[in-house]
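Below, each structure is written out as structure tokens.
Next come two complexes built around subunit A: one with subunit B, the other with subunit C.
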Partner chain A sequence: MTYLLARRRSPWATAFLLLLALVGIGGIYALASGSTQAEATAPSASTTQIDEGRKLFLEGCSTCHGLNADGAFQLDGTIAGPTLIGVGSASVDFQVSTGRMPLAAPGAQVERKDPSYSDEETAALAAYIGSLAPGPEIPMPDLYDTTGITPEELALGGQLFRANCAQCHNFAGEGGALTDGKYAPSLTETEPRHIYEAMLIGPQNMPNFPDSTLRPEDKRAIIGYIEALRETPNSGGIDTGRLGPVTEGIVLWTLGLGALIAVAIWIGVKAK
Partner chain B sequence: MSTSKVEQAGGAGYLWVDDRVPASKYLKKQLGKVFPDHWSFMLGEIALYSFIILLLSGTFLSLWFKPSMIEVVYDGSYLPLNGVKMSEAYASTLDISFDIRGGLLMRQIHHWGALFFVAAISVHLLRVFFTGAFRKPRETNWIIGVTLLTLALLEGFAGYSLPDDLLSGTGLRIAQGIMLSLPVVGSYVSFFVFGGEFPGTDFIPRLYTVHVLLVPGIILALITVHLMLVWFQKHTQFPGPGRTQRNVVGYPLFPVYAAKAGGFFFVVFGVTALMGGLFQINPIWLYGPYIPDQITAGSQPDWYIGWLDGALRLMPNIEIVFFGQWNLMLNVLVPAVIVPGIIFTAMALYPFIEQWATGDKTHHHLLDRPRNAPTRTAIGAMSLSFYVLLWIQGGNDLIANTFKINIFVITWTLRIAIFVVPPLVFVITKRICFGLQRRDRDKLLHGYESGIIKRLPNGKYYEQHQPISPEERAVLLARAEAPLPLPMPEKYDANGIKQKGYGVKKLQSRLSHFFYNEQVPMPTAAEIEEGNHHESELTAERNYEIDDARTKALAPHE
Partner chain C sequence: MTIEPYDSGDLPEHKPRRSDVDPKAAKRAERQVGFLFIASGLASAAFIVAYIVTPVDKEMPLPGFGSTNASNLLLGITMGLALFLIGAAAIHWAKKLMPDVEVVQERSPESSEAEHRDALLDEYRRGIDESGVKRRPFILGSMAAALGLAGLPAVVLLRDLGPLPADALTKTMWERGMHILIAETEQKIRPEDMQVGTLISAVPEGIDLVMEEAGNLNELAKSAVMLIRMDPAEIVADQTPEGKEPWSYEGILCFSKICTHVGCPLGLYEQLTHHMLCPCHQSTFDLADAGNVIFGPSSRSLPQLAITVDEDGYLIAREGFAEPVGPSFWERG
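On to the complex of A and B.
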């Protein structure tokens, strides 16, 4: 996170964004010209990057996702990794740069961890998978840049957040439990790009919200609201974790009643 | 000179009043009334003071709160909700929070005060239960107390539901679900209460009347009766030197007790205000307005309804459908209606159950130390563990998420624990009580273990015991010998005819055995004498052997 933030202004970032733009254009072209043409057109965007990505993929991902990224089975017949054809560069960027992929250990949920790949490598991987078939693409920065967001947009973002996200991620994005050890993670530190991508692709147990359900401007409003949740100071004092009445109850029984009973005992002792 | 004139005038005025309303004598007597002192006697006071705080802060809120479901468009100063459609109730709560000076502080004081109120009542109830203060003649006050607790829960829930935010609505939705689960009448009850389909527009105004008028009024009346009864029946006291069933040892109401109580009121007020100022509570602007198809992770009630929510979360999803069209919603009915119904009924009737089972009809003004009533204490601890387990389940999702435990594992563990843990707690508590009683008995007989190790001439070591203080002695001696269990009734009388009421008597005897089947005998005066005088170094060893044998004989099961 801080690692990425620190690198935001490096000269590589410009190059990276340029590459993204190229891949994006390639993707749009691929979409426009029909999926059969995708393989023919996309590579022209940046053949070297795609080759690089393919190499990285063969080294780090193919054991689970297959040599052609079309999925692979384990010896016992269960799926080692699903096919990645058509998941799009956004999915790869999200999974790899939030450290979820390469998968460390199978568990109830694919955990977020420190990324194993540099930004360039991630971009290469994304470009490679993106070149296989059209799919959701890494969003342009202006889609998730929320500077200058208006109060109306913020209010819209809040409404959409409560309607679409709060049931899993909690009203303040603090996260919440799902069934069988799965959980919706806290959104308090997630980067805007990853929030956008998460909505776009719906990683693992999260539903996806394609542009037909949440328009790009809706997504931006939601991101704006999540950021506002982080930045606005708490009205009314120290919050109790923004987890609702349970933690309030804990504060009451420990701090509050604790203090009163201590005073009652003190008065009682004084009497003697 | 002028002061004396004022004094004179004052004196004259007093005489004038006293001449017509002869209060002097009465006041002198009443103000001199003695109250015993113990910190746990202040718990009821915390409840009383929180209630006063609630009345005051609530009145402030009622000046601005609009109990109306009319839809408005918010244009107050909380920007992230600007232009959002919402009910007037929710909008006015936002106004109180952001646009009325001191409003948020008052809201927070009111809410923390409510949490304090119910917490104080609950702890007060535990104090009354575990010390046996509910025994004759105070059964009436116990029932009033249980009613007050029930009303406090209702009042709190009503308050929580008023602002019409997402959590309010979610809570009401669950309440409506509970109404619907009532067999046959369910949907009628729901329509009646909500004035039509849920949520409708009638309910918030109705709830408002309940919250600011009906329930507080009844609570106020009941508190008055409650305190009058404490006044007339006199306060109980813990055993101690010079304290008997017939006297009250303590301080006079005026000035000592009044000053203390007055001071304590300000402490309670201060702590509540501090909490209101320092800690955010119920940030309704983050929850958003209630919209029936929305929900947030971590939707929970305030702590005092948490156990009910937990019961709902604990219950497996069992539903019986009769003839393909009539549903019996056991999944809701059992945890939300039947179990709480049994719990509150049992709680209200407990003094009478104990009285009947033990056959104890005497007056009690001296409190029991919990260890000296092992079965009662064990019942209390068992119930408490049951409650706490439900409470934990009420927060199962937060526990799952915080400690990364599978939520199903938590639920299933608690489903088993709810049957296993309370009985275990019962047995363990009872054993601990008897252990403590035995230790008390040892102390009476041999004094306390001084920690001084002495060596006997024959080379053996023993720990020197020292006599206990007179205060402690008085406390230990106050344990009344428990009566023997009621005998099993004869089934047939002398003529071989079945006794009338045999079944009931048998049950009573069974219960009585349940309460008194096991006892640690009080040492006799002679034994205590002996224990004290023969505690010389040379006989210490012998005494130990005897004592050991005696203890074993008294407790054959161990």
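On to the complex of A and C.
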């Protein structure tokens, strides 16, 4: 005790006391907030996911999108890959889980193919890119789950589909051509989640339809309508791809006219 | 009239058919024709059975083509066969069994004889003389007037079929201060609702009332617009006249949705190239360059609507369209 008292005016004493106080307060806080510590483990799991995603990104994506995901240029000055800061996790989920990314070869259209990453790896990549800056997030399943959709919602979905989607994706969602080899893909087998994400982010040349202009319930109605289109039977017979006048014209001009010409020839040939 | 083989020398010699010379072949042909008629009758009966038996909404697989409506398919096949087989039987009958010799049909000359024609002309001239119209011009004149006026009631009736278009072709309902609403969901729009690359199909506020009053959808066919937001740096030009307030707002441009070719609703927007295509005939407009036509049959730029925001921050029209929207028409000049 006398040892401490003798040194109470030492310049170290203040520092020592401060340290003591800090440790004390920290210890009390740690004891008091013991319950919140357990909850804080969830984001820390996400942190591992982000780390995992960053690792995957550096291995598989950074060549084109840059080591910091802020885009990169080729030697000739053209863009190798655009910046991914702010594109959001929805973008990553759409591009990677539909196999569009990683890109096999540059071209007019980024093609859909079998995904290169597992679901967990895709989620990790999405978490990493999503952590860089705020952007559209992967939608929750209840947003695109259309079970129990009402006829009224389907009708609205149909109106919105014809106003916003049908010009490119065809009245029956079969897709269609754009300029210079680009095309709007068919929606006949697209997963609801990917349709939802595409509306949110506007991949490639598709315009985007954020929640502020196309509300989540509108998006769900559109997805419900697309699903209803798939189940709609072809009451008229062969659908010829539901592409409208082009295929219908080909069938009529070749098969239809061909049959008529054959009959006309039969009528005209003299009997033996 | 007796039927004699026609012999003009320039036709190949008439050859009798097998069914002409061989009674067995004739009998076979007869059976074939009869069979075709019977098959047609069976198809008609099958139509009635299919009509009664098949539920209207039943689906059936069509190998190689997916599935189709069973009722439509069966009714179509049976009725098609029933009609086709009648025709096929008739043609087969005519070709195999009916006489196939070439015949000449004698015809009398088609014009009247000269003396009959002269007599008619004489009678016509005598009629004009006897009616005295040459001596009494007043009657001729008043008759011409009466005949002419008799056509006027028809003109009045036709004119009364409906109002003239007036300025319906040149004016839309857009006017200063009108809110721009999202089509179908009718929400007002703030600029911050739109990201770069956002496309909105939009209509003027109050269009429902206008269409209800008119009892038709004409206003939608004229006033529909598209809002597009792009990076302001990428806008080469818009249609703002020199010395006027800008027609676009912070990179948000508003264009007519009606193609200037034949009036299809546009909407094929490539957000990276800023090209707006028409789904009907592929007219392509460069929205980043004043809506100019860069491809396709359209000959005029897409009309731009001047926009701004009101005091609450919602997008509104700055004024109506400066030119008629949609396809060209005669009076447009």
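Keep this in mind: the second predicted complex is superposed on the first by the 225 of 272 C-alpha atoms of A that agree within 3 Å, B and C clash if a C-alpha of one lies under 4 Å from a C-alpha of the other, contacts with A are read in each partner's own complex, and residues count from 1 in each chain.
Convention: contacts are C-beta pairs under 8 Å (C-beta built on N, C-alpha and C of every residue); 3 or more make two chains touch, one makes a residue touch a chain.
These numbers were taken from a predicted model, which means no experiment stands behind them.
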{"item": "Side-by-side fit of subunit B and subunit C on subunit A, or clash", "value": "clash"}
{"item": "Touched partner set for A:Ala163, first subunit B, second subunit C, both or neither", "value": "both"}
{"item": "Touched partner set for A:Leu257, first subunit B, second subunit C, both or neither", "value": "first"}
{"item": "Contacts of A:Ala172 with subunit B and subunit C, given as first, second, both or neither", "value": "first"}
{"item": "Subunit B versus subunit C as contact partner of A:Leu154, first or second or both or neither", "value": "first"}
{"item": "Touching partner for A:Gly107 - first (subunit B), second (subunit C), both, neither", "value": "neither"}
{"item": "Partner chain(s) touched by A:Glu248 [first = subunit B, second = subunit C, both, neither]", "value": "first"}
{"item": "A:Asn234 touches, of subunit B and subunit C: first, second, both or neither?", "value": "both"}
{"item": "Subunit A residues touched - subunit C or subunit B, whichever exceeds", "value": "B"}
{"item": "Partner chain(s) touched by A:Ser212 [first = subunit B, second = subunit C, both, neither]", "value": "second"}
{"item": "Partner chain(s) touched by A:Ile265 [first = subunit B, second = subunit C, both, neither]", "value": "first"}
{"item": "Common ground on subunit A, meaning residues reached by subunit C in one complex and by subunit B in the other", "value": "159, 163, 166-168, 176, 178-179, 184, 234-239, 267, 271"}
{"item": "Residues on subunit C engaged by subunit A in the complex (per definition of touch)", "value": "17-19, 59, 62, 65-69, 72-73, 76, 91, 95-96, 100, 182-185, 187, 189-190, 192-195, 197-201, 228, 265-273, 275, 277, 279, 284, 295"}
{"item": "Parts of subunit A lying in touch with subunit C, wherever the complex brings them together", "value": "156, 159-160, 163-164, 166-168, 176, 178-179, 182, 184, 202, 204-210, 212-215, 218, 233-239, 266-267, 270-272"}
{"item": "Residues on subunit A engaged by subunit B in the complex (per definition of touch)", "value": "108, 151-152, 154-155, 157-159, 162-163, 166-172, 174-181, 183-184, 225, 228-229, 232, 234-240, 242-249, 251-253, 255-257, 259-261, 263-265, 267-269, 271"}
{"item": "Subunit B residues within the subunit A interface of the complex", "value": "37-40, 42-43, 46, 79-84, 97-98, 104-105, 108, 112, 115-116, 119-120, 123, 166-167, 251, 260, 263-264, 267-268, 271-272, 275, 277-283, 285-288, 291, 293-303, 306, 394-398, 400-401, 404-409"}
